[in-house]
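Report on the structure given below.
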Amino acid sequence: MIPTRETMVVIITFSLLALVPVIASITDVPFYLDLGRRMMILAIGALSLNLIMGYGGMISFGHAVFVGIGAYVVGICAEHEVVSGFIQWPLALLACGIFAVIFGAISLRTRGVYFIMITLALAQMMYFLGVSLDRYGGDDGLPLAEPSYFSGLIDLSEKTSLYYLVFVLLLLCLWICKRLINSRFGMVIQGARSNEARMQAIGFPVFRYQLTAFVIAGVMAGLAGILLANHTEFVNPDMMHWTRSGDLIIMVLLGGMGSLAGPIVGALVFILLEEALSGVTEYWQLIFGPFLILVVLFARGGLLGFLEKRQSPKKTSEGGDD
Amino acid sequence: MKKTFILGVSALALTLAAPQAMAAKAKEIKIGFVTTLSGGAGVIGKDMRNSVQIALDHLGNKMGGVPVKVLFEDDQVKPEVGKQKTEKLLYKDKVDIISGFIWSHVVLASRNSVVKAGKFLIISNAGTSKIAGRLCHKNIFSTSWQNDQVPMAMGEVLNKRGVKSLYIIAPNYAAGRDMVAGVERTFKGKILGKDLTKWPTQLDFSAELAKARASKADGVFIFYPGRATNAFMRQYAQAGLTKTPLYSVFSVDSLSLPKLQQAKLTNVLGTYSTQFWAPDLDTPVNKKFVADYRKKFGSYPSHYGAQSYDSIMLIDSAVRAAGGDLKKMDTMRAAFRKADYGSVRGKYVYGNNHFPIQDFYLRKVIADADGKWTTKIEQKVYTNHQDVYASKCKMKKTW
Amino acid sequence: MVDPHLLFEQLFNGVQYGILLFLLAAGLTLVFGIMDMMNLAHGSLYMLGAYIAATVSLVTDSFLLGIAVALPATLVVGIFLEVVILRKLYDRGHLDQVLATFGMILFFNELVRLIWGPAGIEVPLPSILNQSLTLFSIPLPLYRILVIGVGLAVAGFLYVLVVKTKVGMLIRAGASNREMVGALGIDIKKIFTLVFGLGAALAALAGAMAGPIFAATIGMGENILIQVLVVIVIGGIGSIRGAFVGALLIGVIEIMGRSFLGDFFKLFLPDNAAETAAPAAASMLIYILMAGVLFFRPQGLFPARSG
């Protein structure tokens, strides 16, 4: 079978990503390692957002909160001298799961713009909470003395090791997304996006499915947060700010909503653009803003859609298939 | 026999001399300077960059005979960008020394990178208590102050002026809370009220000012940097508080005064602030710095600029002590510790945590001979004041 | 227990703040209600209004002239945006609208920075307005009284427009059922442009009036936008009456919360805890209110839509 264009993109992207450490050491520019790592971590975040937004139609401005929670649990543990990754990581994922259940239960009772507003409100509240937490640095942030410790298994302070760990985790997340979307669970979620009433009528407990998706996405975002904390060796409330959720939304859109690998491509392109443009001019947002508008207006399927000439989902109106 | 002996001694002498010849001067000294060049806070970075330029002019662009280049990077007030730029400077541009840093959270995020690279970090502004205390390091030095010192000086001023009751308004973020904690540490009077406002979004202070007026406090203490300064000052007058003296820290300086003057906010004149420096500080180095800055850029430099000027001059003293050989880290460190250079604030010494032990002054806002608003030193508040976090730093002072 | 003078003054401040929110919310709720468009760039129009008014009033030394120029200038920009870009988004999902208008925010912030520099502009008040009127021995700034006056006048004007005129009737019809109005043969495009222009003018007015209080700064739109969004969600999308009530509610709660929450907490918490908890809680107050309203009346207090 001839692989689809999307599969080709995935293969090429991951091959390039795998080679980055090699290139970095040949050219002696360790900065590429950092850049690549950051791209992949944000890609995990974008993948998780795509689950609920691209496929589920739930536009959440609070998604970065989960990244922040994951990061903060690691940071707070380190602050209290609990450096073992075997404790930190499960704790962080659990915390994200619990928060996701609570947030989701409140937010998913609303729809459309009200959902957006509630997630925005939650993001604001968590952000202000983080700023008020003097004990953990407030908005000064919390530096991590060292990354998560995995006694002998892997040394995360070694830049290349952390890089490949993130690489493997990204692949894992992509695989999880693929399995989820192509399962019955995924069908229900997508069905609910285009016509919720119909799904309810068929007999699916939509709320429960959406909440589950919300929790899975939240936990995956938490994973991105854990990795981010190890990458920057620093956590601060900015990580939870609604503008970061906005960044993730842009990445998903750029890559192509509702496509599996789109968010990864979107994250890569977003970071590369930001890096390239800010090097060119101080006023790079003057170019980025209109570029975003153009993508929304004309490249509705994002970059991957451009390749496959696919249409992005229309507004969830009364009826209307997608 | 005599010939062989002479030959032998000469050969020995040569081999002994050879390593000295190997330890060569650097071809070029590269300093990486991380500051904010974009966005609203870009004015601060611009002031620092200008001041670095003046310092380089004064040095003839050379330190110890070696040409110097300063590379500026923009942190966009974001810790992860600051860290990224720091690592870019360290590993891509391969700078010898890192300096700059306006913001505490940015320097906290970037500190580990500089430490791991084994390079010196000369902080030109950020005064976080963490780096003065637990996170101090043998390669990190500050040419500014520790955050708490400035409001502590203000508390002292209030006591000396017989202020019995105070109302405090400050923004609710790390620096804001530090300022409040600082003044509370030294102020002996009664604090009638304390309001912490939402930062950075809240620019309407009508509620807090109404409470301040209702409390009938002898004075109002504030900390509102950046864009909040103007909004606050304007509302202060509108709230009918013109009779209540206003005491501020880090809000009224050479960067904000031109805008305040342009807005004709005359209630700013006569207000007090504390700082280690003012443009009229009477030292020969400062006089020259301010004069040359005004000549070249047409405005007064701010304390950010003065501190950046000192960073460059401090680095110069260390480079000269090492004869231009930047590999001599220990020699340079000893020179840093001595702080034996012409600083804008006059002579000072370093505490065990590599933060300056220095004087602090009370300043008043006045209009200078040309009618331009500036700050003028009224009196000295602290002599050789050391920050309160030095004891938390594990380094022992051996110099 | 609480000084009645202080209470009254804070009420006054709350109302004034609410009026400012109303000026912004009115335009946004109309656009949202009638074109079903989430326009984040509304804040950018507010910023433009503030900057243009500030510049003109500084140059001509006339505060009134500043407003007189800012309104039409921003109106032109707004209409240009609507015709060229936003029109294409009416049929798209909210996500596309959010993203496109987010792109506009980035663009305008940088544009303003390019033209006016990063530092913002101070807007001096004419000396007549820079005094206070003493009522019940409380100094009330004359300028803020003016803001309340202007806001009430605008509210009255909008009321007359929407309830008493033919245009207003079309707007109300469009808010409750867009397709129907189109089916009736009315050129819906012109109505949309008109509504958007009105919103832009209101935003510019809000910006011009906010300038002397807050100063014109980059990003000022985003700061206030979130609260404006909360106002229209609480008030009910598409409803000007809802925007008015919601704005006053939010304004008063915001100010009262900031003023009295700390003292309230001190009643049952140790001073230290009260002082740290109060600012955080005060920030969250309006969101808790919004969540509460959405829980009991998901369509807002005065829903304009018929379902």
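Here the chain labels run A, B and C in written order, and each chain numbers its own residues starting at 1.
Quick note on the criterion: contacts are C-beta pairs under 8 Å (C-beta built on N, C-alpha and C of every residue); 3 or more make two chains touch, one makes a residue touch a chain.
Predicted model, so just to flag it, every value in this text is computed and none were measured.
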Computing the C-alpha centre of each chain, which chain sits at the greatest distance from chain C?
B
If you tally contacting C-beta pairs, which comes out ahead, A-B or A-C? Let me know.
A-C
Separation of the C-alpha centres, chain B versus chain C, in whole Å, is 39
Chain-centre distance (mean CA atoms) for chain A and chain C, in whole Å, is 32
Geometric centre distance via CA averages, chain B-chain A, whole Å
38
By the touch definition above, chain C meets two or more other chains at residues 113, 279-280, 283
Where in chain B do residues touch at least two different other chains?
38, 172, 198
Two or more partner chains touched - positions in chain A
128, 132, 134
Which residues of chain B touch chain A in the complex?
37-38, 74, 78-80, 83-84, 87-88, 91-92, 104-105, 108-109, 111-112, 128, 130, 135, 172-175, 177, 198-199
As the complex stands, chain C meets chain A at residues 32, 38, 85, 88-89, 91-96, 98-100, 102-111, 113-114, 226, 229-230, 233, 237, 276, 279-280, 283-284, 287, 290-291, 294-295, 298
Within the complex, which stretch of chain A touches chain C?
53, 59, 106, 109-110, 112-114, 116-118, 120-122, 124-125, 128-129, 132, 134, 246, 249-250, 253, 257, 283-286, 288-293, 296-297, 300, 313-316
Which residues, counting only chain A, touch chain B once they are in their complex?
29-31, 34, 38, 128, 131-132, 134, 137-141, 143, 232-234, 236, 238, 278, 282
Of chain C, residues touching chain B in the complex:
3, 5-6, 9-10, 13-14, 16-17, 58, 113, 118-120, 122-125, 130, 132, 139, 141, 143-144, 212-215, 217-220, 223-224, 255-256, 258-259, 262, 275, 278-280, 282-283
